[in-house]
Every structure is written in structure tokens, then in C-alpha cells.
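Shared chain: subunit A. Partners: subunit B in the first complex, subunit C in the second.
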Partner chain A sequence: MRRPRRRASAPAWLALAISSLIGAAAPGPSYAADADTIARGKYLAIASDCTACHTLPGSKPMAGGLPIETPIGAIIATNITPSKTAGIGDYTLEQFSAALRKGIRRDGQMLYPAMPYTAYAKLSDEDVAALYAYFMNSVEPVDQKPVETKLPLPFNIRLSMAAWNLLFLDGKPFTPDASQSAEWNRGAYLVRGPAHCGACHTPRNLLMAEQASKELAGGDVGFWNAPNVTSDANSGIGGWSIDELVAYMRDGHAAAKAQAGGPMAEAVENSLRFLTDPDLRAIAIYLKSTPAIHDPADTRPAYMWGGPFDDLASIRGVPLPRDRDSWSGAQIYDAHCATCHQDKGQGSFDGKLPSLLHNTALGTTNTNNVVAVILQGLHRQPDVLMPAFADALSDKQVATLGAYLIENFGNPAAKVTVDQVKTIRAGAVATNSNLVLIAQAATVAVPLIVIALLLIWISRRRGRRQDASGS
Partner chain B sequence: MERRHSRPPLPTLRPDASPDPLRRALLVGFGATYVLSLVPFAWAQAVPDAAMAPFMALSAVLVGRPSLDPAQAKRLYDALAANDPGFPAAAKQLLDTVEQRKIDPMQLQQTLNDENSPLKDLPRQVVTAWFLGIVGSGKNARCVAFETALNAQVVADILKPPTYAYGAYGSWTRNPAEGPDHG
Partner chain C sequence: MADILSADYIVVGSGIIGSLVARKLALAGASVIILEAGPRVTRGELVARFRNSPRRSDWMSPYPPADWAPHPIYQPADNGYLIQAGPYPYPAEYIRQVGGTTWHWAAQAWRNLPNDFRIKSLYGVGVDWPIGYEDLEPFYQEAEEIMGVSGAPNTGSPRAKPFPMEPVAEPYAMRRLRERLASDFPVVANTTARNSRPYDGRPACVGNNSCQPICPVDAQYHGGLSADAAEAAGVQLIANANVYKLEHDESGKVTAALYYDPDKSSHRITGKTFVVAANGIESPRLLLLSTSDKFPKGLANNFDMVGRHLMDHPSTSLTFDADEDVWLGRGPQSPSSINTLRDGPFRSEHAPYRLDFTNISRVDGSTKSLIAAGVFGPELEKRLRHSAAREMNVKNVLEVLPNPDHRITLSSEKDAMGIPKPETHYSIEDYTRRGAERSQQDFRRIAELMGGTNLRFSKDGDFANNQHICGTLSMGSDPKISVCDEWGRTHDHENLYLAGTGVLPTSATCNSTENALAVALRAVTHMLAQQGATSAPPPRDADERVPS
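Let's turn to the complex of A and B:
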């Protein structure tokens, strides 16, 4: 965004200064669109969950500023309101489309793939135009620029993304599969395009790109684990009915299966719950048709573990140890969990305070999500509010409680450690210093190797020539 | 609301009126027969500790239930015995009294009071332990059972023990007898 500003002439500056003084929201470039197109754009913006990154919680919509933690450092989401000074107000439809689908900004610089343009590349031309119409006409311009992203070398050279794009950007819009139903195709389009499910649910390779061969087989989002959502019966969602998948996406909760927490809770809150029933159904139908990716460690579905259990006999009439770190799992559960999740972990009569038995959160071998939910709680609109226990429980207590929950209600093969709790409590994703080092070394080494190879090649040619001339 | 204003007049109380003696004798007889019929069942229960057998049988008579959780019985018994070392012997003595004299359990407390029996505090202790989960009193009171105390258990299909949530926010405003709100 710097270049246009530098180029702005004095009168333009003056005009801008005056307009900002008056506080008049400068309208975007005149892009006439009918109400239907704008409404469709708004729906797509919701389905694409632009808000997840581009709206700082509690701030103006789409004004950016949220740091997206990645293993190579924080990438700051930009202002995508139609502000001409701080946002995308000067973008033409073509420039908007290039940013969305090719990861190229108006000034020609490359976006970091924290922006899921590899998924948005699947968007149809009409949908991109509808999104553009919505942003230009209905989003309130905010003339405030978030701080710039600063990544370590070589990632601060945005051009390095050109090589990345060459490897990982399949820039073709979605093409329907004629052998499948319209519903399936709609689901495939939503999952792989706007809803960019793979951004979290597909594991990434060393270069942080989604691994096409393991599509939707489960990935990591910071310390959160996004589970396998392929059709595999044990590792994925093969055992879920269409109705259960729809309920989960719409309500963030499917009885006797799972409830959305962490980033998935946000996805439900900001995006999925506003999708139409036919769209959610289409997504479910598509997911249930995806190639099953199985992890042999998953001996049964994550929701098939646990039974009602209590250890009240060991704690009633027994004084609590003064040292909180000596409390037993049953004592911690009784003090902090049982009120809502009930004495045997069975949840409330109405099912709205979820059961801990048959709960995917405790049935997976990756226990990060359980620890994170205990520490941070679970807040999801419209009416889910599990309190955070970060201030109430020590690292040792969370580990003890985690072990109790897993042992009795979940998959006993899983483990929770004090160090794990400490790391997740600290919050920020540890920068992957190895990845940065490798990249930095490669930046230095690759040109050196190329030069060395060239030198060898030249000297050989010379040698050959001399041989040839000598013979 | 309407009914509050047009409440029918209460029937005249006649505390001095003598009850029908035959009716009362029959009722007492049925009650005693039923409750005493529990004793053999109570004796027959699996008991974790032989010394506990009289306590189990006495408990069955006093709380009116043929089957009681042996693990919970053990914890209550241990707590009662710790609270009062004379408890095991007293429990056996009270059971013997009930069996030998065929005392209707509903009349037991009155009988013990009338005779100023040294066992007169025992029924309340046993019943308090089973129904409230509390053993001892004052500073020595201990809550040995809460969720599994009988006062919670007998209504557990509809009611939650205090401190346990009924469900989503505001669910406590519903009449529990109407069932959970699935809406």
C-alpha cells in the first residue's frame, strides 16, 4: 500500500486531508451492483470467514490488525475495508480478483499464504464479482492502517512467495465433476473454495503448504489440533450422519459426538452457522465422500470412548489437601467441572452442558485441545460460555485433571503433561527456529551451490575443449 | 391466581377427636409387617464386613429400603463407628429390640422416647447418615455422601443435588417435573 501513497500528488493529499477532517467516508470506485449481487457477496464473505482474520475482535469489521501466528512469525491481517488510504478502496475488480485468487496485491507485491488464496483460487468469477460488490458497497471504510508484517529473512522478501506459488498455487477455479450430484459439487466448491476448510484441517508440509495427498487429514492451528475430517470411520467423520455434521456446523455441537472449540468455535460463530441448510448439507455430503485417510493409531472413532464414571467415594468426607497441586483428579473435577458436566461426566439432561463421554475432545490422542479449553474456556455465540480455568488451576492441576478426564471419559492412550500445559498457557506459537534457519541457510547456500555448479561446469567445458584441441 | 381468592374453607380441625381404633391397628399392623419383612432381605445382603451385618439390617428397617449400596454402607458405618466407638454394639442392640418386640418402625422413635431409652438417638443418626450423608454433629459433622445420599437418589430422575446445573442458562427457571427443555 505504500506505493500509491508516495505517488499521490499534493492536491490529492490535500483532498484526502480535508476528507478525513470532515470525516466523510470516501465512497469506493463506483461499482454499480444490484442488491442481490451485494447480498450474495455478503453471504460469500461470511462463508469465506474473512472476519476470522481481518476483524480484530471488538474492532471495526474488516479493518485488519489481527496478528496471525505462524511458525515463522506473526503475519498481520490487513485492512480490507474500501478505504482509499488504508484499505482496498482503489482496487479494481481485476486487482481484487488477483489478490483473492493469486495472492498478488494491487502494488504487485505478493501476499503471504496465511491469506488462503490457494483456496479462494477456486472461487468462480461471478462469486469474486459479488464479493467485490459487497466489499465496495456495504463494508464501512476505515481509514486506519494496521502495523506492517515483519518476518525474518528470507520471508521478508515477498518475492520469495513467487517460488512458493509456483509450487503450491493451483490457480484454476473450481470445475464441477459431472459424474457427481449438484449437491456434491456445491459442497466440494464450498469446502475447497470459500470455506477453505483445508487451511486448518489439511496438514502442511515443511514449506507450510497444504499437502494435497493428505487433504483434510487433520492439521495444527497454533497449538490447536484441527481433526481429520475425511470419510474414514475411525480417524475421520465416517461415523457421523449428515444430520450430525449439519448440527455441528450450525450449532457448534452434535450430541454424543463433539462440540466446536477454539478456532472451530470461531468458524461456527462467524461463518458456518449463517450458511443455509442446503449449503451445510452439501458440505456434509461432500465430506462424507472424501477419500478416507486412516491413522492406524485410531482403533475406534474418537467419539466412542468413555462411560459414566465417578470417584465420589474417594473424595466425600475427606478434607482437601492444603497444597493444591496434591489434589486428586477427582477432587479437581468435583470442584471445577462437575457442576456443569455432572458427577459422572454425563452432561445435563438437556444436553446443552455437554457430556464428556463419547466426546471427540477426549477421544483423540492429541490432547492439546482439551488443555486449551480448560485454560481458555469456550465462548461461542449465541449461548456457549464455558469459563476459563487458567487463573484457577496450576499447570500441575490441569495435567492431573486432564489425566483424570482422559482415563475415565476418553482414550486412555492419550497423555497430558505439565510441560504441555505450560506451553499452551504461554499462548503464542513458538517460532519454528529450525524452519527459519533452514530457509536462511538455503538463501545463502542455494546461490553458492549454483555458482559452484556453474564453475564446475565451466571448468569441465574448458577442460574438454582443451582435450579436444589437444587431440 | 383465581384459586387463591376463592380458596375453600379449611376443614375444621378436631385434634381431640379419637381416631378409629380398628383402622389405626390395621394400618400399624400392615406397616410393621411390611417393614419387618425387609429384615430377612437386609440380613441376606452381601456385607463387606460381618460386624456390619446388624447395621445393614437396622438400616433397611429404618430407611424402609430392602437394598442398600454396600460400599456406601461401609463408609457410613466406618464414619458412625469412628464418631462413636459404641455405635456397632448399640446398632445390634436396637435391631434386636425391634425384632424381639416387633415394634413398628413408625412408632420406634416414640417408643424409645417414652422409655427414655439410651438408644433413642440412634435412629436419627442412622437415618441422617443415609438420607443426608452427614455423620456427627457440630464441629465433628462430616459429609460422607452427597450425590449418593438417599435424599438425592430418590429424586435423581428429575432433580439434581444442589450445586449441580440443570442445563443451559436459565434452565433452572423451568419446573423440573415438566422435563428438560429440548427446544
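Let's turn to the complex of A and C:
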């Protein structure tokens, strides 16, 4: 049975009052909001991609349950529907804001930073209120609690996050830079706040916090590589036009540049493609202005590698080896790839079947994404589906094919190894036992660690001040 | 020899029908084993072999037969597996490997017309089916949702629910046919199991135009996917298991399947219910091979009906050059057809037919024939370009009536395993020939509307075969003229079911796969009911079995 929608209108309230009198489900707290505010809240929820973690694919929106694999174990996303028993139905606006921007639950327990509250801390009060209005009024309550997150010691002590927050949570909302355009400021707000781009694209330190000094310089999402999206011409997106960046975020594809796969495909699918054109342009303008972070290994832009190539002469008239692991790269390409990417890797005339030349996926030195796409395929709403080859190809075949692709269509300096394929095929992020061990040892040496953390904190504060004075 | 395997259901054949029957049984909680004579193959190998074949128009070239489980091959030379007793040749093609013959089809997934089930009552020809269109309707839908079928909305087969997807984009040549024939013929999208959008984890068609011999991306549904789905549902699939005999007990119930592995070691598998789904030639062959003192003519053959009523869809055709460039070869091989001649009072006089347009690239065929004619140099290029751009072809797909003299028997020749080869007895009857004659006027009119020149009719009396083998295990209510009942259960053995195109008692005018699949999916409900609680573990001892 569908519950009544929560609206501020008198008849609805009357109906709710009556329904509670006759013993139907009690309504949650009210939050009067006009339709515009709710719509704005919905847009922000999309821009913030809440659904990426809080909606289990195929299940009720925002009801939680998705395990988010981290190096210290799986963190289970919570139910953030307005259910009073299983969700956030009893949260006041202030409590909602504290969870969103400070990582503190209604019961005072601390959230794990898998929830990107360090980014949401940038949200304006107005936007937090709009999000609250949306969740309370338009999201259907689901009275089912997902299983609790269970992390190893000491991470199971949520209070340990207090020290982490002390170090890494800059709880100040976004302040516009008066010297920049409104567009730039909108882009900066979206990138650093709701869209939390840095959650994937900024590398993390040993304690899993984003490294402020390397903002957007590229990070890892499980085995996927989120590339450098700073303005650097070779390592980042400096060579992309604004239109290309907008097209990429809207369509998941920019001709002769790149296509979104893996978690980025999800970001496009759930979030970015629904943003307005001005917002996407604002994001692009801001990204193009970010401090360039350069990796000397990147001798040219990732999309500048490769040329049309085939090796048909080596395989026509030659019988296929019986042992599939002995197939050559050209034979594997011919059997599995050439149908869509065409004989010379050029893709289809309309770009819908992507070219492998001038393709960021093959031009980066980190080859994890190539391997992951071969194994898992590429799925992106509304109509993109590259099939997965995990069942069709052995580890050796994926490595052979990866080498063939990189050598002919990508950056020949990059490498794919059989072990790499094996690891990525295994899928789940390996628990970082070192981190767990270090942290467990640390809890034994609590006094020492407190002093160490304090020292780090002091040095960071200094560093920040220097950063601020230097900019 | 030591294998002692057993299951609730033993399915012989891992093609689209056997695998999807097995899957549905397994999903209902039953234990199921599939025995497949041929080897496992992967799409990658098939695509690689196709691309590497010097005989690109020989669609069987990527499918070399296994020594231990051969299938008929005709190019470059006849391998002599399917013996032709005549008078008219029946050069059937099929594939013995995991997934079966639909690795290699054009994915035509037509439903019969309601009147196709009652041609004896309505037109005084053939036989009536023991069931009607309405009995099959939900199972057509089930089949279509599994395979991802699309089609034109009105081709005479009413639907309770819409197709699961829209048709693939209309190729340009088909658009021109539709536009230019509109005054006389409605040209519509074929009903096919081909993705126009991502569906069930498979991508949309990318227009490689190699549906036969192999869709290189699985946009086209095939039995290999059915076999994968069966295994995912818990079915145990044993490849390279060439079943050569079914055994029975005193009561006539089937008790075991005997198979040879590639080394000709014999294995025995027991089960409660047996489903033979090994295609329209191999299934009757297995029944005929399963002789015993009690059943000297083989199983299910008390009235000598097994293997009889062999039918297919013979075709004649017209090739012509249009007066404009249409460039066949973009998109699927068989995208469009005319369906208005599939039913009518004329069926009492001559065969009904579909008119099917090919969209197969002309480049390979034209190149070969021009070179064979000694054309070379700039002239070759000019004429090849002309043929590739303008050549078109239309064929009829004719109904054949059931005739007990058209049949599959066991040959005196034996295959490499020492098992008698199948032998065909076939002819083209006047009913079908009259239909072909009638279609000549349609051919001419179509060519005329397309500004056609250089008209080349297929040789008079020559009928191409469409590999829609059916009728050899006909279902019916009268055991004297049929092999099994409406559920595919043999009249003679209560736990022996037949599934596949052989069960279809008439051929109608459309490809047999979808009809056979719907009949088989419907039959599964009966198979499950017959065993009662299917989730119970299978008895390991014959004595424990409770007669049903």
C-alpha cells in the first residue's frame, strides 16, 4: 500500500489526521515547503547523487542497503527515506543538516566518511533546507532497515571518526570568490559541494581522506581509476573544450576524447545527465580553471595516442590455436572487438560505437579501466551496452588483448599483466590489512597516536594557512 | 561405464528448445540433466572462424561437425551424413553442438496465424492441431520475452501484450521496398528475436549483416544463450554425450538414456521423465534406434508414425536489378516481408506463403559469379558496384502439407560411432508447387514496381530448403496418425516427452522455432504436473518410484 504523500496543504493534513485516528500509519514530522523548494531539493539530490549509494539497484529509492566496499571493509548505506522506524523520518532540519554536513547522526553517533559529508559541508543552508523538504515530502518512506555496518576494530568505534573529522573536515560552507564570475562560482560550488567530484577524483591519504593539496589529481574507486581532471594539458582535462566536457557529462561520451565507464557511467546515468546545461557549463568552466597538477609520466594528453591499425595479414589463413591462451592479440581483437570498434579500431562513423584511437581509456598509464571494461563491459542508460567478456576471455587472453590495444591504439608505455587481470576479475576491493593493522596497533598506543594526530593537525593548519596566503 | 547419474528430468539436446525446457523445469525446483551430443563452443571461436573462412557465403563453414556426433555438411563436399532416398533431395542443415542450430539463424520468431491450427476444418487440407492459437498465446509471449522479440503490430497473430521491444531500425533498401510497393503490398518488419536496444544484458544490433552464420555480438538470441541460462538455473549440462538409445521397463516407461562419449565409452543416465529435444531429424532417429523386444520398431512407434510427415518451407525466388541504388547489406539479413498471402480460402487449392526480402550483402555472391564469368579489371569493379547497389531478391516461404511418405528413417549406412545414419524421403507436392506458381505473379509485380530489370527466376522446379525441419514427431489426438499428444507426451510412454519443431503437426508459413518453443514451454506445465512435487530429491532406485 502506498502511503499518503506528505504535503502542507490543509486537506492533506486533515486526511492524515483522520488516517492516524483510524489507526493507519502515523505520519512523520511535517516540513512545510512549496513545490519550487521541493523541486530544487530533488535537483540537488540528483546533483549530489544520493541514489548512487542509498538506492540498491532495482529496489525502492533511498532505502539503503548497498554495501560500499572500502579498504577497511564494507560500509552499508543507510535508509534515508522519511520512514520513522527505519529511515530519517524523525530527523529535524537541524539533525538532517548535521548528518549531511558534519557526519553526525540523530543519535549522536558519527558517520563514516564513505558518506561524503566533507563535500556536503560546502552546501548552503538554503540548499540543505531544500534537500530536507524534498526527502520529507517526496521520497516514499520504506520501513525496512538495511543491515548494520560492521567494521573491524578500531573502526567499529564510531567515535574514532571524531579524530578523523578534526583532521579532515573543513566544516565551512562554500564561500564564493568575488574575483570570479558567477558561472565559475556555481561550478566551484557544484564540484566541491553537492557533486562531490573529489570523492573519486582526488587521491586519498593513508587515513582515506582526500588530499587537499592534490585536489582532483586522480584517485582510485575500487580497482577503477578516476583520472586527473585538473586543468593540466597532459595529465588532466586542459585540452578538452568546454563543449566536450559538457557533452561528456551529459552523454557519457565526448568524440575523440573519452567515454564514461564503471562508476563514472553511474555518475552520468544517475546524476550528471539530469543537470541543466548552464550547470554543466559552470562545472566545465571551473574544472578548466583548477590548478594544474602534472604527472611527468604523461608526455602527451591521454586522448592523443594511437592510429588506425590492423594486423589481419598475420591472422588470415592461419588456423586458430586450439589453446585459447595462445590466441594472438589480433585474433582476439578480430573475434571479439572488431565487430563494433571496426577493423582498425576506428569505431563507427557516428561515434556511437567508440573509436579506440584517441581514447583516454587507452592513453593513460593506469590500465585498470581498460581491463575492467573488457571484463565487466560498459553499461550506461539509456542505450549504451558493451557486453562483458569476463566469461568469454581468460586472464591471459584479457592481458594479451589489453597489450594489443594499448600498443596499437593507446599509450605503449602502459602495461597490462595477467596478475592485474586476475585481481580485477576477483572484483571486491582487497581489504587493506596494513591499514587495519596500523589502526589496531594505534588503539593500543592511544596516547601516542593522540599526540601524533595533534602534530599532524597542527602542521596541516599551518599548511593551509600557507596555501591561503600563497593563493 | 561407471557413471550413475540421475535426475528428475533428462533432456536430450541442448538447443534453444531443450535448454529452455530444462531451464523452466529447473526454475520450478526440479533436478535436470541435459545430454548434448556435440561439443561446447564459444561465440568468439565461431566469429573468428567465420571471419577467417575463405567461404564466407557457406554459413556452415564456422561449424565443422564433431567426429563423434556429425551433422550434415555440403560444402566444399557432401560429408554423406544425411542419406537422400529421394525422390526430391532434402539437404537439411543443422548443428550438433551446445546451443544447437539457432547459433545460426535469422532469428525469425513468428507466431502462427489462428487459422493455421485448423486447416483441415477450414480448408479440407492437412490436419488440425490438437490445440488452438489461444492455448499458445501466453507461451508465445513467454518465448518472446525470453528471446527479446520485436515485430510489426499486425501480421495476423493477435497479442494480449505488446512485444518487449521496438523493431530494429528499417534498412534503407527495405524502406524503398515498403514505399514503392505500398500500392499493392504492405511490406512490414519481420518478427525477429533481435535486440533493437540493450536487453537482458545483450547489446542492440550493430548491423554487421552476418546474422547467418553468426551474430558477432549476441544482439540476436540463440540457443547458446539458452544453454547458459539453463546452467545458471541449476541444470547439469553434459556435452559430448551422444545419446544412442533410450531404455524402458516392463511397463513401457523410459528408465535410462545411454550415450557414447567421444571415445565411444558408453554411459547410462537414469531419470523419472525424459524429454527428447534433439531436433526434427535426430529426435526421430533416436526413437527409431531405441528398439527392444517389446518395441521392435523403436519407442513411441506403435503405429509407425515416428519420423513421418517431414515438412519444411521450400522456396522459389526472383532476383532482379532495381532502377535505383538500394545497397543491400546494411542491417540484419532478413528484416522485412509481405504477410498478406499467409491465409485465405485459396488454401484449399494451393499453398499459402510469406514473401520474404533478403537484405544480405550482394558483394560476396556477385564477386564470385563475376569472376567465374571471366570478368576482371575495371569492368569487374563497375559490374560489382552495380550488382552490390541494385540487386534485390524476393522469395516465397511455402507451406508444405503433412504426408506420411515424407519421412526420416534409419539408413543402412553408419556414422563414425557405428550408429545408423538418418535417411530422408521427400518430395515437393502439387499443393506446394501450385503455391509457387501463384507467387510468380507477385514476383513480377514486385519487380515491376521496383523498376526491375534483368529478372532471374530460380530454376523451374528448383526449391531451396529453409531448414525448418518439422512434423516428424507430430502431436495429435489420434495415436494412429501422430506420435505425441498436445503436451508432447508420447502416446506409448507416459514419461517420455518430445519437444522441438518435430512436434508441430503442420508447417504453416513461418519459421518453426517460435511455434515449437511456445508448444514446449506450454508442455513444461504438464511435465511438472505429471511428477507432482518436483522439489523432492530424485529416487536413486527404480523400486522406490511410485507409478503415476
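Just so it is clear, the second predicted complex is superposed on the first by the 419 of 471 C-alpha atoms of A that agree within 3 Å, B and C clash if a C-alpha of one lies under 4 Å from a C-alpha of the other, contacts with A are read in each partner's own complex, and residues count from 1 in each chain.
The rule we apply is simple: a contact is a pair of C-beta atoms (placed from the backbone, for glycine too) under 8 Å apart; a residue touches a chain by one contact, two chains touch by 3 or more.
Every value quoted in this text rests on a predicted model; they were computed, and no experiment measured them.
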Practice task
Put subunit B and subunit C onto subunit A via the superposition and say whether they clash or fit.
Solution key: clash
Practice task
In the overlay, answer first, second, both or neither for which of subunit B and subunit C A:Pro387 touches.
Solution key: second
Exercise for the section: Using the superposition described at the top, determine whether subunit B or subunit C touches more residues of subunit A. Expected result: C
Practice task
Determine, under the contact definition given at the top, whether A:Asp350 touches first (subunit B), second (subunit C), both, or neither.
Solution key: first
Practice task
Figure out whether A:Arg316 sits in contact with subunit B (first) or subunit C (second), or with both, or with neither.
Solution key: both
Exercise for the section: Name the contact category of A:Gln342: first (subunit B only), second (subunit C only), both, or neither. Expected result: first
Fill in the blank from the handout: Of the listed subunit B stretches (38-46, 56-64, 74-82 or 110-118), the one clashing with subunit C is 56-64
Completion exercise
Both partners, subunit B and subunit C, contact subunit A at residues 316-317, 338-340, 348, 353, 383, 385
Practice task
Show which residues of subunit A lie in contact with subunit B when the two form their complex.
Solution key: 310, 312-313, 316-317, 338-340, 342-343, 348-353, 383, 385
Fill in the blank from the handout: Touching subunit C in the complex, subunit A uses residues 315-318, 320, 331-332, 334-336, 338-340, 348, 353, 379, 383-388, 392-393
Fill in the blank from the handout: Within their complex, subunit C touches subunit A through residues 42-45, 47-49, 51-52, 54, 197-198, 201-204, 206, 208, 216-218
Fill in the blank from the handout: Touching subunit A in the complex, subunit B uses residues 71-72, 75, 79, 133, 135, 142-148, 160, 163-169, 171, 179-182
